[in-house]
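Structures follow.
Below are two complexes that have chain A in common, paired first with chain B and then with chain C.
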Partner chain A sequence: MATVDDIPFDENGSEEEGEAMTAAEVLGKLEEAWLNEKFAPELLENKSDIVECMMSQIQEMEENIQRAKKGDFKVSLHRMEIDRIRYILSSYLRIRLKKIEKFTSHLLQTEATLEDPCLSAEELHFAKQYQSLLESHMTNMALKHMPPNLQKLDPKLTSK
Partner chain B sequence: MDPSEVEFISEKESISIVPNFSLDKIYLIGGDVGPFNPGLQLDVPLWIAVNLKQRQKCRIIAPDWMDVEILEEKKQEEQESKFFTKMPCDYYMEITQLLLQHAPDNIPKADEIRMLVKDIWDLRIAKLRSSIDIFVKSDVTHAMLNYLTLMELNTVRPFLTKALDHIQQLRNNVSYGAALWSSQD
Partner chain C sequence: MSLIRHSLYVGVVEKPPPPPLTEEQYGEMEPKYPEGGHYLSVLRPHGDDCVRQVFEEMRALFEQNQQDVEKALDGAQAEMFPGIRMRHAALERNKRCVLAYVYNRLQKIAQMRWEFGSVLPADIKYNLAEQEVQWFIKYTKCLATYMRSVRAEGGLDLTQDLKPPKSLYIEVRCLMDHGEFETQDGGVILLKKNSQHFLLRSECEHLIRQGVLEHSVH
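And now, the complex of A and B:
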């Protein structure tokens, strides 16, 4: 089973040999990333190259299916595989989003100081939006009604 | 992790089937499968096998280890050994479950196999529970367990890690006294 220890090994692989990998290998990497993300308490580095590669594979396959004859026996198997991969993909991304929601302000703070970002561009956008929504919600619902000296949200003092 | 997700992972394992239709090689993202010829045995991922079986398009060949004699030996070995023994397949429980559910007619002596696998599972889970009990009661910081399968680990993972966390917290509180208790929240 994939563990967190496996991560350093594929770091080079996924970036330098990204082009040369077969679809099956990418799928294997995606599954590994999915399991690692699932069992790690913190947000791991983003694997957007793998995710994007798999998305384009799925899209290509779907176009092929469109072209295929209706009622072809093969189509149902291809469709089933797409569903399986899509499940892994969405489960993976959803776990990441859950973690981002949990550690929003911490992630946004450390993101600026890190050399390779943990969040993908989309995830960063999500985190920022989530943060601002959360802050405005807190301000409108509670902080406004507090005494003036307590009206600030200090990320160091709050758990979120 | 949900048991259904463990089952999902186990569906990648390959298994032999005998199809009753013919079809060229199909090029799936996860690798090529086929070609299918009626009456000719070939290996496919388990999820395809189950799907084809559901559509009455193939006969599944039980894996080599799914045999009453082998499983009985395994059970004996498991009973005699103090430790966990190596299982013939990492996903023995899931595969047995899936095959017996979808293709009981293709598995010789399905009922006996079901009983044996359940017995082995029970033996191993009992062993796992008692070793966890010893582990938690003693003061050691780590333990080594070999040959546990993913499904077995999953039955204890959520509870064990949480419980150890709580124990750790309680221990901290005892050793640092009440002062820490109030400042910890």
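And now, the complex of A and C:
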């Protein structure tokens, strides 16, 4: 049976990742990306590889905890660590989502012209859906009741 | 003719901001979870009549303008143009106000998805227009699709972990009878009104947001 000591913990860095990065390094990168995103007014490039890597890391840790002995003191430490990482992850993705909601039409316009896209595939999908939701609601609630020459949304005024 | 209806602006009422933290409170405070989720700013009923009046006014302005444009084409340009311009500016202004109103409400409603979860409380729903309720449902779907697509089995629920975790277990107090609740390790506890429990934070966060539990801070 596996003991708690087998749980890959960030400090020991035993988990090798694709580009030979230790778990601790990935976490560091994630924290950096999170803080940058948090304090930048615009949407920064997506770091979906780091997010993915960290997600699988969390899953692995959780599985290890399942196997560990019950009542072991270290288990709660590892749980806490997982909670913290999960908070950073969700907070990071949340901040990005809020920015996408705020600047949807601008992002969708510029996205096509950029060489490396800001949005990940999933975020792009969300942005498109959100945009069409917004436009159809605006049309139904307001625009279609207006005189014919005012029924369009002006992209210059709506995309910030 | 009044061009803007100021009552539109009051449609969204902001709650005054909480008092700022004192210096000692920084970092010291346990994250306090919203009580029953009612700390959101209040959403007033959708101003249907008001908006309809604006639309009627716009129609009147538009018709008047069309007549004047025809007159202007017949040769009376100099007298007609200022009037046409003024009415057109009024039309655009009205459009902008209505759109801003609609958009602001949408943002509040979207925020509620994050606060209340995917089911709206009845008292809030009462204040929404039918189309706004539809929008809420669609937005929920859209968000759920995104959260599922975050690479992992079962996705990542972004509406959880809204505050940085301070401790693994927290003390909670039951505010209403909720029935039995199964914890992660298989135990079953009875959530009875006024009972106190010591639970995993990640497990009971959504119950706190629903107003079933209250996070007791000492």
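The rule is short, and it goes like this: the second predicted complex is superposed on the first by the 140 of 160 C-alpha atoms of A that agree within 3 Å, B and C clash if a C-alpha of one lies under 4 Å from a C-alpha of the other, contacts with A are read in each partner's own complex, and residues count from 1 in each chain.
In the analysis below, contacts are C-beta pairs under 8 Å (C-beta built on N, C-alpha and C of every residue); 3 or more make two chains touch, one makes a residue touch a chain.
Quick caveat, the model's predicted, so the values are computed rather than measured.
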Which of chain B and chain C A:61 touches, first, second, both or neither: first
Touching partner for A:95 - first (chain B), second (chain C), both, neither: neither
First, second, both or neither for A:27, with chain B first and chain C second: first
Touched partner set for A:124, first chain B, second chain C, both or neither: neither
Per-residue touch tally on chain A - higher for chain B or for chain C: C
Partner chain in contact with A:38 - chain B first, chain C second, else both or neither: first
Which superposed partner A:147 touches (first chain B, second chain C, both, neither): second
Partner chain in contact with A:73 - chain B first, chain C second, else both or neither: first
Partner chain in contact with A:133 - chain B first, chain C second, else both or neither: second
Partner chain(s) touched by A:84 [first = chain B, second = chain C, both, neither]: both
Set intersection of chain A contacts, chain C complex versus chain B complex: 58, 76, 80, 84, 87
Chain B-facing residues of chain A, complex: 1, 23-24, 27, 31, 38-39, 54, 57-58, 61, 73-74, 76-78, 80-82, 84-85, 87
Chain A-facing residues of chain B, complex: 1, 8-9, 21, 23, 26, 28-31, 33, 47-48, 51, 150
Contact set on chain C toward chain A in their complex: 51-52, 55, 58-59, 62, 91-92, 95-96, 98-99, 102-103, 106, 110, 129, 131, 135, 138-139, 142-143, 145-146, 149-153, 156-158, 160-161, 163-165, 167-168, 185, 201-202
Residue ranges of chain A touching chain C (in the complex, touch as defined): 48, 51-52, 55-56, 58-59, 70, 76, 79-80, 83-84, 86-87, 89-91, 93-94, 97, 101, 122-123, 125-126, 129-130, 133-134, 137-138, 140-143, 145-147, 149-150, 153, 157
